[in-house]
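Chain naming follows the written order as A, B, C and D, and within any one chain the residues start at number 1.
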Amino acid sequence: MIGASGFTGGELCRLVVGHPDLELVQATSREYAGKTLGYVHPNLRGTDLRFTDPSDMDSVDVLFAATPHGVSMEQIDSFREVAGLVVDLSADFRLPEAAAYDEWYDGHTHPGLLAEAAYGLAEINREDLRGADLVAAGGCNATAAILGLAPLVEDGFVDADDRVVVDVKVGSSEGGAGGDLASSHPERSGVVRPYAPTGHRHEAEIEAYLDLPVSFTAHAVDMTRGASATCHVFPGDPVTTGDLWGAYREAYGDEPFVRLVAGGGGVYRYPEPKAVAGTNRAEVGFEADGDRVVVFSAIDNLGKGSAGQAVQAANIALGFEETAGLEAVGLHPVGAP
Amino acid sequence: MIGASGFTGGELCRLVVGHPDLELVQATSREYAGKTLGYVHPNLRGTDLRFTDPSDMDSVDVLFAATPHGVSMEQIDSFREVAGLVVDLSADFRLPEAAAYDEWYDGHTHPGLLAEAAYGLAEINREDLRGADLVAAGGCNATAAILGLAPLVEDGFVDADDRVVVDVKVGSSEGGAGGDLASSHPERSGVVRPYAPTGHRHEAEIEAYLDLPVSFTAHAVDMTRGASATCHVFPGDPVTTGDLWGAYREAYGDEPFVRLVAGGGGVYRYPEPKAVAGTNRAEVGFEADGDRVVVFSAIDNLGKGSAGQAVQAANIALGFEETAGLEAVGLHPVGAP
Amino acid sequence: MIGASGFTGGELCRLVVGHPDLELVQATSREYAGKTLGYVHPNLRGTDLRFTDPSDMDSVDVLFAATPHGVSMEQIDSFREVAGLVVDLSADFRLPEAAAYDEWYDGHTHPGLLAEAAYGLAEINREDLRGADLVAAGGCNATAAILGLAPLVEDGFVDADDRVVVDVKVGSSEGGAGGDLASSHPERSGVVRPYAPTGHRHEAEIEAYLDLPVSFTAHAVDMTRGASATCHVFPGDPVTTGDLWGAYREAYGDEPFVRLVAGGGGVYRYPEPKAVAGTNRAEVGFEADGDRVVVFSAIDNLGKGSAGQAVQAANIALGFEETAGLEAVGLHPVGAP
Amino acid sequence: MIGASGFTGGELCRLVVGHPDLELVQATSREYAGKTLGYVHPNLRGTDLRFTDPSDMDSVDVLFAATPHGVSMEQIDSFREVAGLVVDLSADFRLPEAAAYDEWYDGHTHPGLLAEAAYGLAEINREDLRGADLVAAGGCNATAAILGLAPLVEDGFVDADDRVVVDVKVGSSEGGAGGDLASSHPERSGVVRPYAPTGHRHEAEIEAYLDLPVSFTAHAVDMTRGASATCHVFPGDPVTTGDLWGAYREAYGDEPFVRLVAGGGGVYRYPEPKAVAGTNRAEVGFEADGDRVVVFSAIDNLGKGSAGQAVQAANIALGFEETAGLEAVGLHPVGAP
């Protein structure tokens, strides 16, 4: 594991440690080399492993890279040298085309690998993941949006001519560890902060994999884990709630990690990030409203939105049981995980 | 003051106690009659006044009614008997037409008063408020949305043919005091809960006063005070950010309680509910994004979204300085007010 | 499982569902009979089981009772009729003597069973639990305090003549589901509320099992899960931090669920409830300060503080691996779980 | 105002801007010189004033210095040159004796001024403040503890031979703006973190002004503003709750900013930081418990705990009405301010 002291890296460590078919052999961190994992991740205080410097990599079956954007593309050759499968959790290999990458990020150093990398979201790309040797786990906001919208696209309820608004609410862990002034507790607590009013890079990812342009806006809200996407969709033709049930059941009826939550009773009638915190699950719900369809999608940004998705993709690529190491159930009650 | 033990009633008490031209002579509460205001509202522990039973009303210059929906319309005659000005903070007199009221609520007992009542939002209805004797303060979500959208409507950037999505995030005080299971701390903390996916009644209010149909969805998020509306607007013709500055400056340049916050530097670049918590201020911001305009609007649901708006309207109706008793500045830092 | 719709009952369901040697055959709830577990506990939405009425109990190997105080003692005979092992999570069988029970609670209907019930805290009572057929899981605050203080008592650093202050901070789930006005989100958020300044019943439990009178005060703070006890102890003779390490290592060196966290580096240098949220772990730390010893102890009130402790006790009583079903590791980062 | 971009500096700006007898003429900040106050403090977005570089100070009647510890003592001569009254909010002049300063901090560059500076807490030092030209506002935790304990000391219920434990819970703004990793939202949210288990410097301050050694421990909890001190006191002779009412009424009956809150009904029966957030008020409560007295004291660490106390002290020193500019009432409900 490269970049194990960050939030995504820590979550990967937790998942790999509990995985029946994987063993955590190495966790690198430049800053914390020599310290125990528990020094940074208090939940892992019981683990003996210590961080090592990333310059000295062991040969492994699978290498997870949870580094800041730009690092993986620089080091991808050395990663692939030591590992049969590389699962990258940065944005470096998420977009399938260099042109899109150049538009939304800076230039790519290995554009040839973009087409080769398999997008990590199993629900829309399972076949490509089988036997893959380079996987790019999706972005958390893109994952939430894609899971919410994919059945509408697949069933032809919506296409590139229709208006689609994606209004996202995310937790503070999305900003990564060791944040800046804006991430300090006094400034970050209790906000409804439009941190990406327009032009968020995950817009490119949604468009690339759904072939659907969306109007995307992201807000930081007061939770640490979680991403919730509300998609306001205006299909060309009228859609009923019954149609929606049909489309979503067909898409997700057999998916081990997607739950449909659309109305019904009780306190939690729609997808709720805190109901899936700490898990690889996604909750998806919907409601027809005249000429609009509202879709809700909730994930843990560190679970299904990155580390969980990465492990699920690795399971598929390596031929393990797809759900191995990912069966954890969330908590109830739980405050603002 | 009728209904003074609720959250809105408590906020009204606080504002009236600090108002230079008003004196709080009576605060009614059926449940807490005989108790001090501080028994329910700990911030008012220094006040000697005690709740009285609503059956025994004093004659007053202005009566604020902060009762649950449906109560005011039943008692409006007795309210008007004892007070020259009635400011109602429920939904009972917000909609100007009985037909709309019947569609979104139940039947109205005094439909004739609907046209007579002046809508309380000064920024769009100041002239009607002068000398009014019945004022209906707007709903908090509607207030946030209307303040965000009004300049676009006034300047003709958007009309009833265009798509407008209003995605609202609100705090727990909107649910009122003494809430149910869904409002209990363990269940309510940390949520991003779509509590009104479609069909929220404030949709009617926005349509009534802006003549603009909107697709409205409200989410409960983890704060106590605050409402933030993100409006995704698709104008017929292209709009630049410069156009937007022009329209909003024209609309709000002289407004004492509206601040434009659109980009710039620092941590708080867009409207933020916690920056206006405890005040009568609204922050409004915007950004052009291709064929979309995104508008953000943030208020304190108990301030500009109800009690503050009500006092501002009363100030106008009674000929006081419009800002009297409402100059309070918010706090920084502040957590999740 | 009796009382499965409450918070403790839900946590028990979650643990039993994931337990390798147990199967959840029945979960009762008067209020929610016929509904799925997921109707109340959204984390269990994937489970097919439905609540049943408590009047119709199946025969089981182990019955967990998570009812309000007073219910178990009324129904203990019927519980024992259907189950070889009863693990009660209420206060009904926690105190070993009827006199103490009468002093702190009301009269007991089955005082004879008090001596028979085995106190559920394995760390101080493991031997009694082997083969027990009636177990009383400890109270959450008492558990935190006892785990913190026990090594000092065992090693004779402190006795009944010394001053011991136990200052506890707890989360909102301790108040149970469906709370009252004080538990509503607007009132409960952000508090440091002394809810039991003196006279908390867990004082009796600490005294009963440690033979140590303590001055106990409990505060509600803003989290949902978690209990943190700070014990200020004034030993008769001077104690060094080295002495403390010796005593605590001796007491807990082999304990699978107790971690010593006392100083060191990083962000989390002392016991932290959020580091153990969702787990059966306890963190214990300490520091000598002249004539005072400060001890910190942190647990999840629904984990080690009730449901986790109950399952651990059941594992011992039934001869299972003691850690079976309890190996879950916590999360990092996690907000206010 | 020196150091106006920090949290305490921002709160001072807010108070001075609203003060009837003061005018904010200058607010310095090295980092933000040239920016508006609202760039850093969003609540002050309506203010035109811009930060200036501290090297260029205007002559003023009163200079408030809200700099990190150590800065004021270096610059005290230049401060006094431009201002008739200097109110320092750092720890530099809080301790009356150089020996104590050396023990708890590093060496002092102007030890001669320590005896000259008047401690800013009016409730115990009002007479010294009249006409003072150098005021040292107290530390927030010390302020909470001193307000809680002073009446017990004054009435002789407790003296230096008795055990006194001060267990403090504080909000994240105490750590100042621009915090470190430990202050980042994901790490800081939801904690009950013993950040000063022993040896907190405020212990020295309490001892200096009450002549009472205390065992002090501070915990960070999930709020932004607020400090709550729970004092566990073991008087030599028995004390009744009636005795306590007598002592506290005598001490605080005429104090404009201290409220006694001890039992009674409703949700808020004891001192609560969120009931005084944004104000200069302190709430103090107590309860006798056998040989123990428990005292609770709650303040806003940025209000009565620093900026509010400083303005109150300045009011006294300058001969203004003592409550001028400090009459603000808190909010209800309010989440985690």
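Going forward, contacts are C-beta pairs under 8 Å (C-beta built on N, C-alpha and C of every residue); 3 or more make two chains touch, one makes a residue touch a chain.
Note that this is a predicted model, so its numbers are computed, not measured.
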item	value
Fraction-based call for chain D against chain C, same above half, different below	same
Chain whose mean Cα position lies farthest from chain B	C
Separation of chain A from chain B, taking each centre as the mean of its C-alpha atoms, in whole Å	37
Geometric centre distance via CA averages, chain C-chain B, whole Å	44
Touching two or more other chains - residues of chain C	7, 172-173, 177, 181, 185-186, 189-190, 223-224, 267-268, 272, 333-337
Residues of chain B that touch chain A when the two form their complex	163, 165, 167, 169, 181-182, 185-187, 189-194, 197-199, 215, 217, 219, 221-223, 226, 228, 230, 232, 234, 267-274, 285, 287, 289-290, 292, 294, 296, 298, 333-337
Contacting residues of chain D [partner chain B, same complex]	7, 10-11, 14, 17-18, 35, 39-46, 171-173, 177, 222-225, 259, 261, 264-268, 272, 275, 277-278, 327-337
Chain B to chain C touching residues, read off their complex	7, 172-173, 177-179, 181, 183-190, 224, 335-336
